[in-house]
Amino acid sequence: MAFATHLARQIINAVALLIAVLVLNFCLIHLAPGDPVQVIAGEMGGASAEVVAALRAKYGLDQSLLQQLSIYLANVAVGDFGYSYYFNQPVLGLILQRLPATLYLTLCALSAALAIGTLLGVVSARRPNGAFSHAVTVVSLAGYAAPIFWTGLMLLLLFGSVWPILPVVGMTDVVNPKHGFAYALDVGRHLVLPSLTLALVFIAQYSRLARVNMIEALSADYVRTARAKGLPEWLVVGKHALRNTLIPIVTVAGHQFGNLFAGAVLVETVFSWPGMGRLVFDSILRRDYPTLMAVLFFSALMVMTANILTDVVYRLVDPRIRTGRR
Amino acid sequence: MSALLEVDDLNVSMRNGSGRLVPVIEHLSFTVAPGQTLALVGESGCGKSMTALALMRLLPEDFVITSGRIVLEGRDVLALPPKEMRSLRGSAMSMIFQEPMTALNPLFTVGDQIGEVLRWHQGLDRAAARSRVIELLRAVQIPAAEQRIDAYPHQLSGGMRQRVMIAMALAGRPKLLIADEPTTALDVTVQAQIFDLLAELQRSTGTAILLITHDLGAVAELADEMLVLYAGRCIEAGASDTIVTAPRHPYTRGLLNCVPHLAIGEPPKPWVDLGEIPGMVPPLGARGADCAFLARCAQACDVCRAKPQPALESIAPDHAVSCWRKTELAA
Amino acid sequence: MTVIESTSQVSAPQTDLPARTAASPGRLALRQFTKSPSGVAGACMLILIILVAVAGPSLYPVDPLDLVGAPFMPPDADAWFGTDYLGRDVLAGLIHGGRATLAVGAVAALITIVIGLVIGAVGGFFGGAIDATMVKITEFFQILPPLLFAMVLVTLFGPKLTTITLAIGGVSWTSVARLTRAEFMRLRDLDFVKASRAAGASNVNLILRVLLPNALPAVIVSATLAIGVAILFEGGLSFLGLGDPNVMSWGLMLGQNRNYILDAWWAVMFPGAAIFLAVLAISLVGDGLNDAINPRLRRRS
């Protein structure tokens, strides 16, 4: 009951923030140097006089700013994010077409980072001053400091020329197209390097977080209680300590979707992964503003969704939030 | 009657920053008879809790048992392999902790946390464990046990949480229950309830209790025997009635002087001069060979300063004390 | 737990210290910092990198934008780090590019910290409707992925060094703001603040002289890390072709040479390694500072 109200309030808040993002987009178009129509058409769109005139009419560019804004919002409300003259198709279709590839990549990287990061952190927390623990600390520092595009390029160099056992370009084998199960396997092979590259940064963060939280959990009174009950060590660590360790990690992971997505833009560019990130790169290169603006909006939409989902999961896992403190 | 628990010359040390061993508990020996209550008394930092954790072999990482024997029902606890030690914990001996809020895992229901003991030690299935947990919750006098079994720790009051801890400790039908300051974190009114509950459960289950406390009122009421610890050393031991009425060691006397005495029917005195013991327990590493209480002792004389810590010697059949002036102080 | 009962009282009341004594905890933290080997190593690395960036160009006066030889020349005695796809000297790029990269990082981080401090301090100090507004603004910036937002800004306003710096500084201040707000809210109700208020201190005075010095320790670590993030952002933007083509920077070298990685790995690997080392040094310093300033997080030895 209280949960439903809370969720409804969050969704209303999210919608308000997303409208604010649209207003921001609108402002940016008008603040940018040059004629807004040029921005809307995209500099490299090769907009003819005809097209420009049509755009002026469509976006009411001779009317007041407020009217222009309402026209813009009304267009977006029916799913019209403008037309990409470079790709020669509506922006919405373009984005929906690229969305799945990006979701594969980000979700794959996220699960890998969560699993590997937690595992490394938990194992190193067992002996906080041991050699393994120090190794994990060093690796996580390095993983945090290494620019993601550079790591990607180095892996590309390694697997592209030195040791070519994994595909480094694209999402599928274009020369020998596969079908059915072989297709899935092919995508999986192409997914390895991009998702590993993307995961590295987050593995670094989560292993650190897991290590700190696990050390804290292992010294907590309830863990001592669990041991005093005569429970075996795997149950003490795997149930009592782990659940308490996971909550902050899941929360942080959920609230980092924006960084994950931004990382995907760089990784997709390195490995020519045909997702939204690659789309961002292409639209930057072609000054295709409508697409770029729409991607910004959709990334905010994804971040909002991730935040709300995280909140729901958090409430499910932590009874203190679910049932309310007394 | 043979002892349930026999602790013989137990020594515990802490490894400090530079790797040196610093004594925490020295030459501690005592026995607990089946169904009896032994109280461990002393200020904070005297090694009471460490004694309890040593018995459970749950000492923090930096602490080590350097020598001594702990025998429970004829089994040498310190020689047991880890697996057998685990099967002992929670069944043959179990423990109640000071802070019922932090000692319970906030993320699992109390039913789950009590049921764990039953499922693990007695192999009960979920349904059987559940009905047994409800029985246990009733035994510790938790009202509406059928509903409370699904409650999370934060939904219960401090007293209720401690009752849950007690139910958890009793789930494995232990022969020895170690209660480490079970009421320190609770309201005064609840403290008495918990002590009453412990006494009643002891009558019905026949478990022996090792009660760690600085509540001397509770000791007088509950304990058959008591042991006074100071700076990790036992300085007075014996029947609790005897010690409470006729303490011999200056430290024990000091402790007893700190307890306010109220008598029913008598108006409280306008100014009750509560005693206090000046100074503090010497910190770890600053404990030499001489009597640990020397620096704070008002009765110390040249003998005390010249000689090391005296041995614990009997002054009566059920009373032993570690003090050079034990005979002079008798009066 | 290895903490013994008697030691637990030592650290608690520290935060109640009034601002006047702030200097001595600072010296204390510095002494603590020098005890952390990784923090000192990071500081040394960072000083070395800064020295190279400051003094290097006069010691190695090769214009990084000049074509000095054939393209794709591998590292050898003439050009220690080889030449890039146009025949520019990679070593010159590393030395001169460090200036731009570090400058962008430092200035952008400064902007980040100033915005974050102002938003967080104002919200946390005044509370109520002002706080709610500040929180909403922060929330709004939080849902926009910072790097993506910066990309859009730089694309729209053109890839110039100033635009890039402003864009990076303007998008990633939310964590500083949240931290500052939390610190201010905590400090606001402490007795020494109430005392200053009762003594008639103005709001500006309270914020700048009383609260800010006490909130800084909590913020200083994330401020340090902000420099590293800004450097990574500069690299990311340049990598996507949004670097200033007229000013050599490590990111620009990477971005321009990445298509030729199979022909000249050195022109990609070295600038990336430079970014990596700089960010690593900064995060080592950040870690050391964190351990020195926030004692409760200090690792138990």
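Should a chain be cited, it is by its letter among A, B and C, assigned in written order, with residues numbered from 1 in that chain.
Simple rule for what comes next: contacts are C-beta pairs under 8 Å (C-beta built on N, C-alpha and C of every residue); 3 or more make two chains touch, one makes a residue touch a chain.
Not measured: the values here are computed from a predicted model.
Among the other chains, the CA centroid farthest from that of chain A is the one of B.
Here the two chains linked by the largest count of contacting C-beta pairs are A-C. If each chain is reduced to the centroid of its CA atoms, chain B and chain C end up 52 Å from each other.
Mean C-alpha positions place chain A and chain C at a centre distance of 23 Å. For chain B, no residue reaches two or more other chains under the stated contact definition. Residues of chain C found to touch two or more other chains are 1.
Of all residues in chain C, only 1, 139-140, 142-149, 151-153, 155-158, 228, 232, 235-236, 239-242, 254, 258, 261-262, 265, 268-269, 272-273, 275-277, 279-280, 282-284, 287, 299-300 touch chain A in the complex they form.
Of all the residues in chain A, the ones that touch chain C in their complex are 17-18, 20-21, 28, 31-33, 39, 128, 141-142, 144-150, 153-154, 156-157, 160-161, 219, 258-259, 261-263, 265-266, 269-270, 280-281, 284-285, 287, 289, 292-293, 295-296, 299-300, 303-304, 307.
On the chain B side of its complex with chain A, the touching residues are 56, 58, 86-91, 94-95, 97, 99, 102-109, 116-117, 120-121, 152, 154-155, 165, 168, 172.
The residues of chain A lying in touch with chain B in their complex are 220-222, 224-232, 235, 239-240, 243-244, 247, 317-320, 323, 325-326.
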